[in-house]
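The same chain A turns up in both complexes below, where it pairs with chain B and then with chain C.
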Partner chain A sequence: MNIFTRGFRGRKRDSSGQLPPGQYLTDDFPVLSAGPTPRISLDAWEFTVTTEQGESHRWSWAELMALPAESVTVDVHCVTRWSKLDTVWRGVSLDTLLTDIETEADFALVHSYGGYSTNLPLEDLLGGKAWVAYEYEGEELAPEHGAPARLLVPHLYFWKSAKWVRGIDLMVQDSPGFWEQLGYHDYGDPWREQRYQGD
Partner chain B sequence: MDTTTTATHGASSGTRGTKGPPFLAASPSGGAAARTASASTLVLEVIGWPGHLAGQHVDVRLTAPDGYQAARSYSLAAPTDGDRIEITVQRVPDGEVSSYLADEARDGDVVEVRGPVGGWFVWKPEDSGPVLLVAGGSGVVPLMAMIRSRDGVSPAPFRLIYSVRTPQDRIYDHELRRRATQDGGLEVAFLYTRTVPDGETRSVGRITAEDLIAYGWPADVKPTCYVCGPTAFVETVSDLLVGLGHDPAMIKTERFGPSGP
Partner chain C sequence: MDAPTTAVAVYDGNTLAGPLSEVFGVELMTAAGRCRSCGTTSQVATFRVYGPAPGFVGRCPHCEDVLLRLVRTPDALWLDFSGVSALRILIPTDSADEEQQP
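Showing the complex of A and B:
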């Protein structure tokens, strides 16, 4: 079907090929959250990885800070259609966090303070593709952007990059997270425009 | 760590036979239904619209003659009504999509919509508990859908607190004031951040905890709270509600964008 909208010209064209289909460029940093912003003190903060055998591995804030950190420059793409290019983050690679953990799991369910969750294949957390990030553009993360730490999985739509991250359950079976139960796509590849269930 | 056994990964992504909800052709009809200084309401005819819940939104897509497309989200302002849906679009300075929809779109033009989208920020008539609605600017749109869906169907007590810049910026002004006197169990309070109308006792200013105490529900009533508007407004209000003792799990938020009243 060839529909066009009389009188609409549009503003910017992305000729760089850096934007996935249906996305537009923004310089702001919009916020998308389903509820209030949780406030978590660093003393109480913990990050826990639990395997399919029920074995838990925990890191306090001090322990996370003691791990080798990486600075990465990545593009982020939100399902509400904004994209931001060349954002700079600092955090600990999931490869580092998961390196000594024995698991046969294929899936991960990520949990946040405040009750949010999101699922993704474990493979997508490994191989230099995901971080527990605690700095954005050289500053501490802001509360509404996930302080003290958020997941960063920039190759998937940004709802997978869970803010206020508190832990990951490693699982043999996939299990949908918060938005995934509400009609959003299980995988969420922006380059294949996997916004909603069935895309 | 065994990362070689992740062959099932593709099963959760690309191999589905079905498609997600399609974009449907939509045409404005019945003229610009209502206009304020800052916003326009559009009624769109969407052949094959599947129906929706109060609080859900649509993605609206525009296509330029050279094939360039731009899409944004807009909340549904009214309950399901066959093939007609209603949206209210606030003009954003230099806004690519909002300025077209608010100022340019005319009856018979063709845009596309996809939806309904969103299953969290919704109110259903069978939810009978008390409800607090807090809106900043165009954030009133999905809350209006809830108020309209409630009418004559649900006795759930509703309180709306609606913050706007000036009296001229009140969207659904007449309808809200009529409903505040006619819809039993609905209370409406307007707050002004720049200019107050004659006779208003509260002075201009951004929303405070005192406003939420005066016009909202005490936390021990355990209302479901829906907070919608510009990001900074939603951050402020949801923090205030948590501070007043409301359970964070009972506070549902929708953030429209960066700036606002």
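Showing the complex of A and C:
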């Protein structure tokens, strides 16, 4: 297995200037859930990318584990105003998962076990900006934080980093996800404070 | 197939009393909603409610599907009741009024 490490930082930084507007720093890892925590066995788990043509590409857990993994150290920002700096994750880059998939899509709708969904532009999943993450701080993900795997898109508000991820639909037109249907922003850039529609 | 889920709700439906009364102006805790998914009718007060942030999610106490979602943004309140196929809201009746006459 190839190991590619990206973005390690030597030591904890001073948080001044590292927080987007309206955010506060926390050392906790708050749990926000829209429903009961799904429990998915690794034998049953699969990740599916479906193109706008209806072509499906599936990975079992074993197949995901066989892909090159990356360790990344990133800041995460929740729309409920907490931020965590220098969080360490391990997972498979979406660049790796999507590399052989032919698509004309501009948008993605991410689906989770349990029914959650969130939308974002496809380009925000590419270019070393997003991962299917299965470790946090050197440990397997905890169930309440998305085990066995969650999306990690740290440059957008954390509701876009769907827990219990099960697949991505690639789409020509945008389609709002679970919270985006109820007034939350379609893009969600924390540095522009795009919390709600119209921000 | 998904494995069984844990089913620990954070709140019961009474959590929604304040925000829902803002929208409807009537008492909804004793109202009964039929789940569009499983068909079970449940009092709003018995909904399993997750939240409050990013928003409230009320789930069916029988099948756990989403019955309602409620989000308050700075200038609006968003409500999705699409998981409820019908809502029965109790209202005072004339006969009840008459019984209270001396």
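Assume the second predicted complex is superposed on the first by the 184 of 199 C-alpha atoms of A that agree within 3 Å, B and C clash if a C-alpha of one lies under 4 Å from a C-alpha of the other, contacts with A are read in each partner's own complex, and residues count from 1 in each chain.
Note that in this section contacts are C-beta pairs under 8 Å (C-beta built on N, C-alpha and C of every residue); 3 or more make two chains touch, one makes a residue touch a chain.
Bear in mind that the values here come from a model prediction, so they are computed numbers and not experimental data.
By the document's definition of touching, both partners, chain B and chain C, reach A:Leu182. Of the two partner chains placed by superposition, chain B and chain C are both touched by A:Tyr196.
Look at A:Leu122: by the touch rule set out above, it reaches chain B but stays clear of chain C. Contact with chain B, but none with chain C, is seen for A:Asp174 once the two complexes are overlaid on the shared chain. Once the two complexes are overlaid on the shared chain, A:Pro38 sits against chain B and chain C alike.
Annotation for chain A, partner touching more residues between chain B and chain C: B. In the superposed model, A:Tyr113 lies in contact with chain C only, and not with chain B. By the touch criterion defined above, A:Trp159 lies against chain C but remains apart from chain B after alignment on the C-alpha atoms of chain A.
Residue overlap on chain A between its contacts with chain B in one complex and with chain C in the other: 32-38, 80, 114-115, 178-179, 181-183, 195-197. Contacts from chain B toward chain A in the complex involve residues 1-3, 5-6, 8-9, 12-14, 16, 18-21, 25, 59, 62-65, 67-73, 94, 96, 100, 104-106, 109-112, 117-121, 231, 235, 238-239, 241-242, 248-249, 251-253, 255, 257-258.
Chain A contributes residues 32-41, 44, 79-80, 113-115, 143, 159, 178-179, 181-184, 195-197 to its touches with chain C in the complex. Touching chain B in their complex are the following residues of chain A: 1, 3-13, 22, 24, 28, 30-38, 80-81, 98-99, 101-104, 106, 114-115, 121-124, 126-127, 144, 174, 178-179, 181-183, 185-187, 189, 192, 194-199. Across the complex, chain A is touched by residues 1-10, 50-51, 53-55, 57, 59, 64-66, 69-71, 73-74, 76, 78, 80 of chain C.
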